[in-house]
Amino acid sequence: MADTLIFGVAAFLIIASAMMVVASRHPIHSALFLVLSFLGLAVIFFQLNAPFLAAVQVIVYAGAIMVLFLFVIMLLGEDKPLPGESRLGIQLPLGILFALLLAAQIGYMLIRQPAGRTVVARPPDVQLVHAAGEKAQYADFGSVKALGNELYTQYLFAFEATSIVLLVAMVGVVVLAKRRL
Amino acid sequence: MTLDQLSQNYNLAVLAPELSLTLFALAVLLFGAFFTDETQRRLLPVLALLGAGISAASTAALWDKGRVFGDPATAIYVADNFALFFKWIFLIGLVAAILISGRFLSPRSGDSHVVAGEYYGLMMLSTVGMMFVSGARDLLVLFLGIETLSIALYVLAGFSRRRFMSNEASLKYFLLGAFAAGFLLYGIAMVYFATGSTLFPHIATAIAQGQITMADGTARAVPQPILFIGMALLLIGLGFKAALVPFHQWTPDVYEGSPTPVTAFMAVGAKAAAFAAFLHVFPGVFGSLYGQWLNVVLVIAVLTMTVGNIIAISQSSLKRMLAYSSIAHAGYLLVGVLAASAAAHGGSPDLEAARDATGGVLFYLVAYALMNMGAFAVLVYLENVRDVQGADRDSEEANIRISELSGLAWRQPLVAGALTVFLLSLAGIPPTAGFFGKFIIFREAVRQGLIGLVLVGVLNTVISVYYYLRPVLSMYTPDEAAQNMGSGDMLVESTGGGAATLRSVARPLSLGIVLAIVLCAVAVIGMVILQAAVFPMARDAAGLSASVPVTQGAVPLLR
Amino acid sequence: MPTSYYLVISAMLFTIGVLGVLVRRNAIIIFMCVEMMLNAANLAFVAAARDLKLMSGQVFVFFVMTVAAAEVAVGLAIIVALFRNRATIDVDEVNLLKY
Amino acid sequence: MPLYLIVLFPLLGFIINGLLGARLKKPLPGIIATAAVLASFVVALLNVLRLASLPEDARRITETAYTWMSVGDFRVDVSFLLDQLSSVMILVITGIGFLIHLYSVGYMQDDHNDPEGRLYARYFGWLNLFIAFMSVLVLADNYLLMFVGWEGVGLCSYFLIGYWFKREDAAEASKKAFIMNRIGDFAFLLGMMLLFVSTGTLKYFGDSGAAGNATQGVLDVARSNAGAFSAVGLAGLGGITLITLLLFIGAAGKSAQIPLYTWLPDAMAGPTPVSALIHAATMVTAGVYMCARSAALFELAPETRLIIIVVGALTALFAGLTALAHNDIKKVLAYSTVSQLGFMFMGIGAGAYIAAIFHVFTHAFFKACLFLGAGSVIHALHGEQDMRKMGGLKAKMKATNITFMLSGLALAGAAPFAGFFSKDEIIAGVWNYSGEYNSIYKIIALVGLVTAFITALYTGRQYAQVFEGKARDEHLHDHAHESPSVMTVPLWLLAIGACFAGLLGLPHLPGVPNLHAFTDWLTPVFSVQADASHAAAGTGSHNPGATLMLLLVGAVIGWAGWFMGRSMGTRQGERAVLPASTHNLSLDAVYNATFARGGLALSAALRWIDDNIVDGIVNGIGGFFGQVSSALRLTQTSFVRNYALGMAVGAAVIIALFIINR
Amino acid sequence: MFEIPFVNHHILSSLIFCPLIGAILISLLPRRVSREGAFTVALINFVFSLHLMAHWSNAPISQGRFRFEELGQWLPQFGINYHLGVDGLSVFLVLLTTFLAPLVILASWNGVVERAKEFTILLLILEAAAIGAFMALDLILFYIFFELTLVPTYMLIAGWGGARRTQAAMKFFIYTMGGSLLMWVAMLYLYFRQSAATRSFDYAPMLETARGLDLGGSGVATFLFLAFAAAFAIKAPIFPLHTWLPDAYTEAPTAATVMLAAVLSKMGIYGFLRFANPLFPETARSLAPIFIALAVVGIVYGALVAVAQTDIKRLLAYSSISHVSLIILGVFVALLAGRNAELARTGATLQMVNHGLSTGALFLLAGWLWERRRTLQTNAFGGLAQSMPLYTVLFWVALFASIGLPGLNGFVGEYLILQGAMSAGFWYAFGGATGVVLGAIYMLRMFRSAMYGETTREENRTVRDVNARETFVMALILALIIWIGVAPQPFLGVIGGDGTQQNNIAQRNATQQNATRQTMPELAQSDLSTQ
């Protein structure tokens, strides 16, 4: 019950703030609503046995990234609504229409999926398809240990590759934003 | 797991191409910080080329070894021939882009500092990202690779920071790229939810079997609707990168706005990477669902070819025209992809045909890389000419218009001749590389009975001839003023003014551009003979797949 | 809670993100909406991970966050660079390249 | 003496004159050319003598030079055949040709259209080439080779009519002549090809050869296996009728019969000796020769012959009337030629082939003589051709006057000059015709008589107008002079022919002296295939009473017409007998209005269609893509949100497709 | 002749590569000798080509009835061979090309002085490509050469053409390429109809496959045939696909026009004779009446439109349409002519050469006139015969050859074609022969207004007559014209000797096929009553 309540509140928070992000005229408001939405997500993550991710969500996303957003907004002095932001012409109805259509399509497909877990007999020749195979421990699912275990074995390469992404970002930001090179 | 095991499983030699390139990129970045401008300009390209060379050599060393990084059953990164072949293509793009970038990086008024280190470094790191895509065996790596290459390209597109167009290109590319990445990621999430894995072979197996087994021993059906959503969103995400219609609209703007060497790099490398990803995902992972996505991709292929070619007709800027042309080429490549898929997963799977077709796509990418790079190299050369003449390269009118080529052939016969070769090759006229590329792709499509698609492709080729030949016509148009100048050979300085046409030539040529143009031209024409070596390799690359396990019913090709 | 609830939330978040991209002209807000889309995907991953009892989903989210951070940095730098030149972050005013 | 020398000598003359002529001084080219033709004549004469020495049933000399074309069953050799028929023709061609060459040497000496004499050698070159082609025409042993000569003489005619190319009329006339000839050739070609399809050969006669491999020629097939032609019938037209009709159209083109005659009067724009040689004596009679050669075929096609005789009679009549309406000395002669050719075709139509050929023979003499005489007059009057400005030349140009008068009488059919016999024989042949449709033939014969009278009328008028009476243009008259002897000698020789050639073929009538050499000579050629009645018609002895009757009527008509004409000529002087509106029977105007104008209009219309519709569609397709392109590029609005919307729409559509496709 | 080991044993390759290597050499030589160099190269190639004739009778004949055959692997993985060979059908086209190439270089000596280097290089490439197309016995190889000819031609038009060259070059290229791409798809399809083990684009297996489809009554054969026909019909061209031609011929520089009209248009006809018709004999036969009808329309239409032209080159261009249509007529009546099929086929083959010579000569003459007066409008001339007597004579011969005067080459081919047509049906021959009359009309009209009449313009009075070089060029062509006209048998012998046997197989097969269905006497095949 508590679960449901938490879910309900968090979900409402996520969706409502997300809508406000889109609807707010002020960029600052949008950013703040986005933070709110991300916080809601963190709650949901927690509920979904992902405490580490929940923490990261709060610290990195809602914290660092959104602060960066706010910082840039203030830096540029664009903390007012754009003049003529609402002048979109046909784009607005079309945008709403197709966004709804997309939502409807995805929703339709989600609803069409078999509800819950259908347990089927395990055919003899079927092999385990888990990425981590037997290494995944059902018991400590969601723990930081389990995450770390996956990260540094199965996903070691990806972890290393991330360094390149970050390096690129670093260099790129310097190139683009440094006033004098 | 001990460290020994780790080092056994995770053999860094497999990553030699990526590592060497990364190391050199770091070196380039560091040198850029420490050396003087002049030294940088001379040293860095050499260093970058050296890195590319070592990377290519290590790629060659890995050829046919079929090594993987990690436990062969679950490794998320492999160095099979498919990946290695793509690495070569990326390296072609990288090398050519480095060669033609020389003048772009030369100091200009207002800049106190040369940013060559960052420029080459980003290009090399972007190439590493492409390599990740080609070697990916997991959607995660695929995603990371795409993001790596894209983020680097976002920056490169905006590298002419003073130029409005460059800013604009960068912003558009970034916003739309991130938007597309959202689709891609959501698609991956859906696929993950449906199949329980992001590892290609596992996804393929799950789809083939229609169910997945959980860790607790129970099994669950693969929810088809969610899988399909995932597939559709993946198609959108990858389609954006490959510039398929209707996800192509960023292409002309970004290509036109970016600095020309970057555009060249983007058009070759990013496109090849996108097709590597596409080949991984559609004929590969989703191969057994071929019947379901066939028609959609077919429509996209037709649209891509047609829209790209038709809009290209009315372009007046050479660069923008080449941008549309690259859209059209994506369409042709898609024909090859479809042929490959049909061969591998059609009514009667035919391994050989599938290899031929995939090899055809790879071969086409090589040809495309060469001819497109060549064309862009000439374009860069022409821009340099104008630059030398003192035109403001940051101005918004900096793009070369097709009409400005008028009479070029009589002043610069070799440059004009080279551009002619590249354009003819892009149009697919024998006996150029482009022709052989088209030949194989259409041939395989015919083999798979996709006659209608081939006819559309042929019709499009005819349309494309119009805009490819327009610059040729312009170049070979006798220009009275030019005739008075007498012969103008490529390296001879000649006088003459006039801002309207590109007349005066005061050594805008660097060794790099000459090399790029000559090598590309030789390769494009030499494909008559070279293809005897290249195509079998491409075919090997398609066939020698390291990892996808055999599942019932589907032919485990194309990874 | 059934996984599908989370998925529905995630889908809603995703489409709101899409909508935001479509109907806003402020580059930063558009970018925020893109972040929203990424977060929707993250939610789906986490939900799926729980459903499957597999850590790989969570690992994926971890990587996505990293990439998102990098992307945000570069993206904002691009916006800043643009603003310096053009003094606008209205994407409709960024319209030199067309046709 | 091999036959091909006949062709070779003038050809050689042509080559010499063509290559070196420009460097040779007057009159050397003329002399070379004349000599070449003389050599030809000698060779021809020798060969004819050789032929005559052969037994009557084997009078055929064949010589094969080389294989021209051979593909599968189709084989055509360059080979020559000299038999009685071709011997007559070749002698006329080379003989009269020689005289005209000779005459030309004098005539072209001072050419006021070409004062520097740059074209002089060219003239003789063409003339020689003409002789060569004409010889090929008559000596050919197959239709295709005949066609070579046929077109070749047309070509030379084109060159020679247009010899003074600076003159607009000459330029136009040469073009017209060639094109109208081509229309006839077109039909000839088709007929010839049908012959090959039905008989498998184009040779006239097969080789008797060694036993077993004897082959049949076209004419052999016609005689032995008439059914072979039925294979090529067309829309109710029998094969043989179709073939002969086509051949006749070909002949009509060459021999200026209705409706293809209008080129001949225009062709008078060429130098007068050319008119004499080509447009009177030889080339225009090629059609008659061809029909006579194909007699075996025509014998099988009475319908065609009916058409021929009607066309021939109409041509003869109307051309004769037109001659009355003209004042140009050469035009009158030209129409007279057309008219006489009509007579010849009447002979063909009636199956009186020998008579027709006989008329060709005599006509060659007197018409050539008339033309040359006219040329002499024109020469004397410095190019004046209008008879209304002539008159009274009798005294000044004695030789010309006499020869003109003699040959005029021959043309008029005044007994006992040559024309009388030949013309009468034709009329008799027509009258005596006893096959199908013979009532029509009787009417035709009467028409022939009327025409004969008209002939005499305009001839007499012309003579009188030119030579008698008083000079109408003193200035011209004062400067008139007799031509040099190089011109008058040929006139005399021809006039002698005009007087006495008829004696070679007197009618086979009781009481007539036994001078039938011509008919006897030719009879074997035609008698082989023709049944007795036609053979008789050919020799004119079928119905002695009627023939005699006609002979007498003809004699009367000839003389009467001559004198009436003379009185007209002297009396009227300034005026033509018939109004000028009857020129050409206005056929020229009709052609101009229909074919020429219509053709040009059609052509212009088609050009418009080609530029705007056929090509317009092609350009339209290109333009369409251009339009689409211009429209589609507008989708690149440069607005990020638009692009994003595009992607969203694409996404929605793709997902929808996946949903549907699932 | 002489002994050069490689050339003697690879004479066909030498013919292709001699001009190519020459082109490369010339690009390295200084500009001032490029014309001389190109002429030398072309001349050497011509001498090489004479080797074909000199050794014709004792040349080895392969199973496919081809001589001097060369077979090498080129792209085995695609089933593409480097397979060359000549037979009676192609040998004279090769010779025509090698013969005309040095002559057009010589003829353009003064016409193209600027950028002569590029000009001659392109001409040599064009020569090589054209020769290659005529000798290729691998379908893809043929296709490659076929397409390759477009490029130099395009650039010649673009670089040295007249005022409207842009449009002309573009239309020419796109139109032609459009057709040939369809053919290409058909080739690919045929390839995959072969059994997987022995797939090849080589002539013989493709022939077998296509025949199999065709005689098997497969409906797809019609589409395949039409795809091939599209390429060739555009190239030839056949009405109504001709509209690129007047523009291209008119706007191209003289040398390119000559090559286009004399050589390249033959590629289309050659394509029918070598590929389209033998590959699909049944389909070709059943569609022959349509093609004949189009050919007849083309003959009449081309001629009538020519009458209305005021530009000499454009007139010649339309006359070319008319003449080529006649050859097309010959190609297709050959399928219906029964026992006289060979007549039409041989005639058509010879007529290709004839048309090449006479049209080439006419375009050269027109080009020289253009060089002198910078216009080709007939009304700008008049009385040229006066100031240019020698030119007039040369013009005469070319003109009468073109309108098929017996004794000149045009007649021989025309007659054989028409005779064949007559065997197939009266109206075929009738339609074909209309060109005889119409040809005379437009040619003589043009000649009359340009050359005859009074000299009305002063500049025509002083116009220079042909010089020795021009006379020499023309004399060579005209000598050949007369030779073929007077004694065509050496040519016919080679063409008919074995050149057509290849096609005869097709004919025979088809006839057998026919014979099984309905036995009819030979004469009935030439039934005239129903056509």
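Order of writing sets the chain letters: A, B, C, D and E. Residues in each chain are counted from 1.
FYI, a residue touches a chain if its C-beta (ideal position, glycine included) is under 8 Å from a C-beta of that chain, and two chains touch if they have at least 3 such contacts.
Here the structure is a predicted model, which means the values were calculated and not measured.
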If a chain touches subunit A and subunit C alike, it appears here: B, D
Minimal step count in the chain contact network, subunit C to subunit E: 2
Distance-maximising chain from subunit B - centres being C-alpha averages: D
Farthest chain relative to subunit A (centres taken as mean CA coordinates): D
Most centrally placed chain - per-chain CA mean versus overall CA mean: E
Most contacted chain pair (by C-beta pair count): A-C
Distance from the mean Cα position of subunit D to that of subunit B, given in whole angstrom: 77
Whole-Å gap separating subunit A and subunit D, where each centre is the average of the chain's CA atoms: 101
Subunit A and subunit E, separation of their C-alpha mean positions in angstrom: 70
Inter-chain centre distance, subunit C versus subunit D - centres from mean C-alpha coordinates, in Å: 96
Subunit A, residues touching no fewer than two other chains: 88, 91, 94-95, 98-99, 102, 105-106, 108-110, 113, 117, 130-132, 136, 138, 154-155, 158, 162, 165, 168-169, 172, 176
Multi-partner residues of subunit E (each touching 2 or more other chains): 174
Residues of subunit C engaged with two or more neighbouring chains: 7, 14, 17-18, 21-25, 27, 30-31, 42, 47, 51, 53-54, 56, 59, 63, 67, 70-71, 74, 77-79, 81, 91-92, 94-98
Contact pairs between chains, per stated definition: A-B, A-C, A-D, B-C, B-D, B-E, C-D, D-E
Contact footprint of subunit A on subunit B as seen in their complex: 1, 6, 10, 15, 22, 29, 69-70, 74-77, 111-113, 115, 118-119, 121-122, 125-126, 128-129, 132, 138, 140-141, 144-145, 147-148, 151-152, 154-155, 158-159, 161, 170, 195-199, 202, 205-206, 209, 211-221, 223-226, 228-229
For the subunit D and subunit A complex, residues of the former touching the latter: 641-642, 645, 648-649, 651-652, 655-656, 659
Subunit B-touching residues of subunit A, taken from the complex the two chains share: 105-106, 108-110, 112-114, 117-123, 126-133, 136, 138, 153-158, 161-162, 164-165, 167-169, 171-172, 174-176, 180-181
Contacting residues of subunit D [partner subunit C, same complex]: 633-634, 636-641, 644-645, 648
List of subunit B residues in touch with subunit C within their complex: 140, 143-144, 147, 151, 154-155, 158, 161-162, 164-165, 167-172, 174-175, 178-179, 181-183, 185-186, 188-190, 192-193, 196-198, 212, 214-216, 226, 252-254, 256-257, 396
